[in-house]
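What follows are several structures.
The same chain A turns up in both complexes below, where it pairs with chain B and then with chain C.
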Partner chain A sequence: MEKVLEFNHVSLIWPDFKIDDVTFYLEKGYIMGLVGYNGAGKTTLFRIMENRYRNYTGEILIDGYDCRTQEARVKDITAFISDDQNFFFEESIKRNAEIYSPYYSRWDWDSFYKYLDLFEISDKTKVKNLSRGTFLKFQLAFAVAHHPVLYAMDEPSAGFDPVFRYDFLRIVQNIVAEDNASVLFSTHNTSDLDKIADYITMLDNGRVLFCKDVETLRDEYRLKSDKNERFRISMLFEKGRWN
Partner chain B sequence: MQINISSMSTLAIYEQIVNQIKDAIIKKELKPGDGLPSIRSLAKELQISVITTKRAYEELEKEGLLKSVAGKGFYVCEYNTDFLKEKQAAMLENRLAEVLKDCIKADIQLEDILDTVKIIYDSLKKG
Partner chain C sequence: MDLRTYIKLDKYYKKSLESYYPRNLCIGAVGMFLFCVFVVAGAFGMMDRIYVFYIYAICFLAATSLYFWPLIEVRENIFTVSLFKKFRNAPVNKKLFARAKLILLIRFSVLFYLPVQIMHFVGLNRTDTPQLSITGFWPWLLC
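And now, the complex of A and B:
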């Protein structure tokens, strides 16, 4: 088994919020959904991985590299996708790719343009003029172009229309199959995860409530439920069922 | 072969895959030695989790219908089709017994049952 992402006892304490001893791992080639109520700490975990907060204890490894001390290596092999990624907003998509691509050892222009075409995005558009959904599509094209081992996506599908939402899941499955990459993705719309997630990690108040594969969750649900209803991840949010 | 997942079925998704592969083996759509799609490509095609396709294949492996070859994937086993046919015959016998029980309850004579069976059989054969 090859661990692509490893959280080992990660804690971060603020006066009004904490990440509390978060430990889990993700294997190569699998998709993990990160779920939890608002304020559970999902976005904070992504930001810690990106080294935006450094004063945490414990360690995070991506493909064996330490997120805190080997940032350049980690960013080369990880695609961080979220609303608040930094680009040169006044510049065009093409210019942004020209500026950033030298930092990626596996950058591949063909993939970049393949996905821009697929998403019908012109490389002449300034990043600041992209809508939320298109900004995320652009990031996905940018991500695929540097062939990361891990896609860390914080609420990627929130800005997508229903049609693209569906396409997006296909694209994610394709990427995983083609590049044997892994995906960690948080979402409030858990129906996205019902289809494609292999593992679910549930956060509550900065702690990991559980990290299980979906077949185990389905079995547990079947044993507990007398209804003939198909398990959906949203059911995990019905209070009392899992505690 | 084509696998179809029904969201209306009361069977779990992995069970639906298991059953359809078994049917394909009995019907010889899948022959001994045939390779199956990889867990990842099947997951992609059916838009389900890799864990689910993996579970289905492992379940079939446990029953001795598939074997996994490290680094290559899953294959249909050489010998187990007879065993599967026996199992299928036993299942059909049970279903027939159910119908016969009802016939006895309704006080229908064996000759009449056999006549009816023959008529239905002939018409099905003709298509």
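And now, the complex of A and C:
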């Protein structure tokens, strides 16, 4: 068992919110869904991984590298995909790739252009002119190009149209299969996770309620439920059932 | 990647930015210097005053900051954003990244300072201003 992502007793306390002793891990080649109500701490966990908040206790390891002390190495092997990623918005997609690519040890122009073509994005377009969905597609192409071992995606599918959302999930599965990468995926569209997630981690008020594989959740649901209903991840949000 | 590579990437980055034209800015800075010293100071008869030194110092600072600004800030619409923020999720060694910029600033300062000194000797040699000496800046320390 090769762990790609490990949260070990991560805590971060603010006056009005806290991340409380978060511990879970993700193995290589799997997709983990991070779910929870608004304000549960999902985005905060991503930001901690990005080192935007550094004053946490505990440790986060990505492929064995510490997020805090080996930041450059961690960022070389991790792709962060979210709405608030920083690029050179006044520059074209191509220029952005040219600026950032020398810093990545495994940058692959062929993959970058393959995915830009797949998403039908012109490399001459300025990043500031991309719509939210296209911006996320560009980020995915950019991420694939540097062959990360972990994709950390915060609400990636929220900006996609229904047709592309289906394609996007297929692409994520392909990436996992081809590159043997892992994906940490937060979303409120739990139907996306029904299709692709291997593990589910549920957060509530900054705490991990559980981190289980989908098969186990399915079995537990079957034992608890008297209805003959197919298990869906949205059922986890029925208050009280899983606490 | 070593420091040399970071410096090379910084130079490459600056040269290729569409929103920034280093050559124009440098020409502008030198032009501003000449304008201030030879036209403004000369026309107003301030050649022998301490103002000349102030103009000299301001031009130097303006030119270096014009050069340095794109290495730490990037323009976005009417605002500027820190370049460090732009590279937040890129795999950069922050210490080398910052050090490369500092080296470029020092290099530019020296390269800008030397022609300015030559101009000083050619154009302002006859001034009696004690602040404009062979040492250029900080003359009271070195004379």
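By definition in this document, the second predicted complex is superposed on the first by the 243 of 243 C-alpha atoms of A that agree within 3 Å, B and C clash if a C-alpha of one lies under 4 Å from a C-alpha of the other, contacts with A are read in each partner's own complex, and residues count from 1 in each chain.
In this section, a residue touches a chain if its C-beta (ideal position, glycine included) is under 8 Å from a C-beta of that chain, and two chains touch if they have at least 3 such contacts.
Here the structure is a predicted model, which is why all the values come from computation and not from measurement.
In the superposition on chain A, contact of A:R222 is made with chain B only, not with chain C. Judged by the touch definition given at the top, the superposed model places A:E91 against chain C, while chain B stays out of reach.
Look at A:P102: by the touch rule set out above, it reaches chain C but stays clear of chain B. Residue contacts after overlaying the shared chain place A:D16 against neither chain B nor chain C. Touch criterion not met for A:E120: it reaches neither chain B nor chain C. When both complexes are overlaid on chain A, the residue A:D161 reaches neither chain B nor chain C.
Chain B contributes residues 7, 10, 12, 14, 40-41, 43-44, 47-52, 55 to its touches with chain A in the complex.
Against chain B, the residues of chain A that register as touching in their complex are 29-31, 169-170, 173-174, 176-177, 195-199, 213-215, 218, 222, 228, 230.
Interface residues of chain A, counted against chain C in their complex, comprise 50, 52, 71-76, 80, 85-92, 95, 98-100, 102-105, 128.
Remark: chain C residues 1, 5, 9, 13, 16-19, 74-77, 81, 85-94 touch chain A in the complex.
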